[in-house]
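Look at the two complexes coming up: subunit A is in both, with subunit B in one and subunit C in the other.
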Partner chain A sequence: MKNWWKYLCILLLFYTVIMGFLGPIPELNILEESIRNLYFHVPMWFAMMTLMFVSLVYSILYLSNQKIDHDIRAAAFAKVGFLFGLLGIITGSVWARATWGAWWVFEEVKLNGAAAALLVYAAYFILRGSFDDEEKKARFSAVYSIFAFVMFMVLINVIPRISNSSLHPGNGGNPGFNSYDLDSNLRIVFYPAVIGWILLSVWISTLLIRMEKIFRKKHQLDIE
Partner chain B sequence: MLSAQTVNTADKLMENSKLNAVIVVAAIILTGIFVFLFYIERKIKKLEQEVKN
Partner chain C sequence: MLSNILKLVKKEVQLEWRQKTALGTIFIYVLGTSFLIYLIFQGNITIPTWIALFWIIALFTTVNAVSKSFIKDANEQFYYLRTIATPLEIIFSKIIYNALLITVLAFVIYGVMILFFNENIADKGLFLLTIVLGSIGFSNLFTLLSAITARTQNFVLLAILGFPIILPLLLLIVKMSELSNFAIQQKDIYMNLGAIGLLDVITLILSVVLFPYIWRD
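Right after this comes the complex of A and B.
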């Protein structure tokens, strides 16, 4: 059946929540039980990266063949991607308060990168909102979407890795979460969790797309 | 006895330093979210059928 991946999503997320709390974890200083956030906070960002990439693909597709369907998809994936980014930054803040002692650390390069990336995408939506003409809207936002994704990758994946002073795992000389997920106890929940959360974000995006298309069709039928 | 049954469930919830209570809560929330998603799915499918006709 064509909804198999939705059932897989449900299965993986229940597994994540149950094993996420019950599963064994390594003994880590400072982090203690909060390492379990690895199964929730981190996948939010993987979901955002996946969705923004898919949005980019549809943007490029739109530029090459002008099908408005591609613009609808690009916008929907970006919207949900932005939502997951918001969730990622809020959950990160909660985790930071518990481990670094502060809700936000202004000198922290990864945090600045994440916040800046969200602003870059907020600008994408503002840009879209400024157009009345559908075709212009689609074209300009498709072009912006390319810059946005490149900046997104640079801001959260490149610059933080270059920095030599950071609190965030994976940056500034800290062991990356790679060395956390080298612990096989963490890995057996983390990988399914990433897939589950990505599937959920895709599911929500597809619902948005279908809604948008119905609204458009209904609108056209009402005019006639 | 009914009271014996309720005590059993409550006892299970309080095991594991009451972490079980958290898991059940999270599972309930998750279930709620999925129920909502399926509800939206059905609504959309209905609208899609409407528009097709």
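Right after this comes the complex of A and C.
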């Protein structure tokens, strides 16, 4: 069972979708059934942060030993991380419409931070496209991606804490989700959901890496 | 190392002073933009708008002023610089020079904005401190990014890379500018100054650590 984690991923996501839509939830005003989005919206950000961290590690590795393999991996993880960030924004926007009454709320620093973080990584892809030379592209984008990760952390973890104006649970004086989840009904779906989505995001990334390597082999490019 | 850095800074200043067109370009840019905004807003704006416009002009001026800081060294000078100075000396000298340039430009923008709009920040000393701290942060980030973009032929790239990355600092600076006009609690001022200082230090460390990887070719 070399690919046990892929089976685990499928199992956990089936569990997430079935229990997510049918499982018991606490009875809450305003939130009501929309609380089920907890199993989809929040794990997207966990997956994005995980992948961006992995991308950062590969960028640092590239700078220390110049293996093009590390650059391919850094780019692939960042791409899939970007995708999950987009999904996080979309699921969040739908949820915001249902509970806060608008698709986008200005006073919400986390939304603006997330959008800015996506812009940071969009710029990373533009930068990658701006070089003809393979080695330069890998080196310069590795440097930029280290910057990008630090600012990503500042944008979504530091700024929301300083400004203290957020509508999210657990921020700006709002009660956190654990205060709603008195009988742990949410928890038993939420934790497996986080692991399941992270595994899925890693799985997609590995497929992307394999595609890129096959492409490079076909065109007789270096893959080590 | 310190004397070498000072010499390199002096070299930058002398070069800039010799080519007065380049310096003139950026000053006329500042005057032109401020005048344009004065006419568009028809001469009267509130303090929050004043602050927002000030930093927008400062940001665009910075991008224009810093974008050429490594293009000059693209050819033969590049090899000469490599033989006489270490990467650390070069990045420090460039950051110091750009910080000086941006601070001077921001002061000019400040003067022009006071001249055109009859509005001013209440606590001028604190606002000047904000300008200096902000200019240092701008310099730390844009100097390194301009070293990256100097090797591409994509001239919009500096703005694309820089704007989202400068955002956390910019938000803090705008907040700080508003606090220097009107602050309810003294505590908020210290917290914001501390956060800006911390970001300046983080960006400086990142730039200095990562620059050697860009410099070797």
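Keep this in mind: the second predicted complex is superposed on the first by the 213 of 224 C-alpha atoms of A that agree within 3 Å, B and C clash if a C-alpha of one lies under 4 Å from a C-alpha of the other, contacts with A are read in each partner's own complex, and residues count from 1 in each chain.
What we mean here is this: a contact is a pair of C-beta atoms (placed from the backbone, for glycine too) under 8 Å apart; a residue touches a chain by one contact, two chains touch by 3 or more.
Just so it is clear, the model here is predicted, and its values are computed rather than measured.
Engineer: I'd like to know which partner A:Met211 touches here: subunit B for first, subunit C for second, both or neither.
Structural biologist: first
Engineer: Touching A:Ile18, do we find subunit B (first), subunit C (second), both, or neither?
Structural biologist: It touches subunit B, and subunit C stays clear.
Engineer: Tell me which of subunit B and subunit C touches more residues of subunit A.
Structural biologist: After superposition, C is the partner touching more of subunit A.
Engineer: Check whether A:Val158 is in contact with subunit B, with subunit C, with both or with neither, and answer first, second, both or neither.
Structural biologist: The answer is second: A:Val158 touches subunit C but not subunit B.
Engineer: Of the two partner chains, subunit B (first) and subunit C (second), which one does A:Met1 touch, if any: first, second, both, or neither?
Structural biologist: In the superposition, A:Met1 contacts neither subunit B nor subunit C.
Engineer: Over in the complex, which subunit A residues touch subunit B? Could you list them?
Structural biologist: Result: residues 10, 13-14, 17-18, 21-22, 203-204, 207, 210-211, 214, 217-218, 221 of subunit A touch subunit B.
Engineer: For a test of understanding, state which residues of subunit B touch subunit A in their complex under the given definition.
Structural biologist: My answer: residues 16, 19, 22-23, 26-27, 30, 34, 37, 40-41, 44, 47-48, 51.
Engineer: Inside the complex, what are the residues of subunit C that reach subunit A?
Structural biologist: For this pair, the touching residues of subunit C are 141, 144-145, 148, 151-154, 157, 160-161, 163-165, 167-168, 171-172, 175, 191, 195, 199, 202, 206, 210, 213-214.
Engineer: For the complex, give me every residue of subunit A touching subunit C.
Structural biologist: Per the touch definition, subunit A meets subunit C at residues 63, 116-117, 119-120, 122-123, 126-127, 130-131, 136, 139-140, 142-144, 146-148, 150-151, 154-155, 158-159, 162-163.
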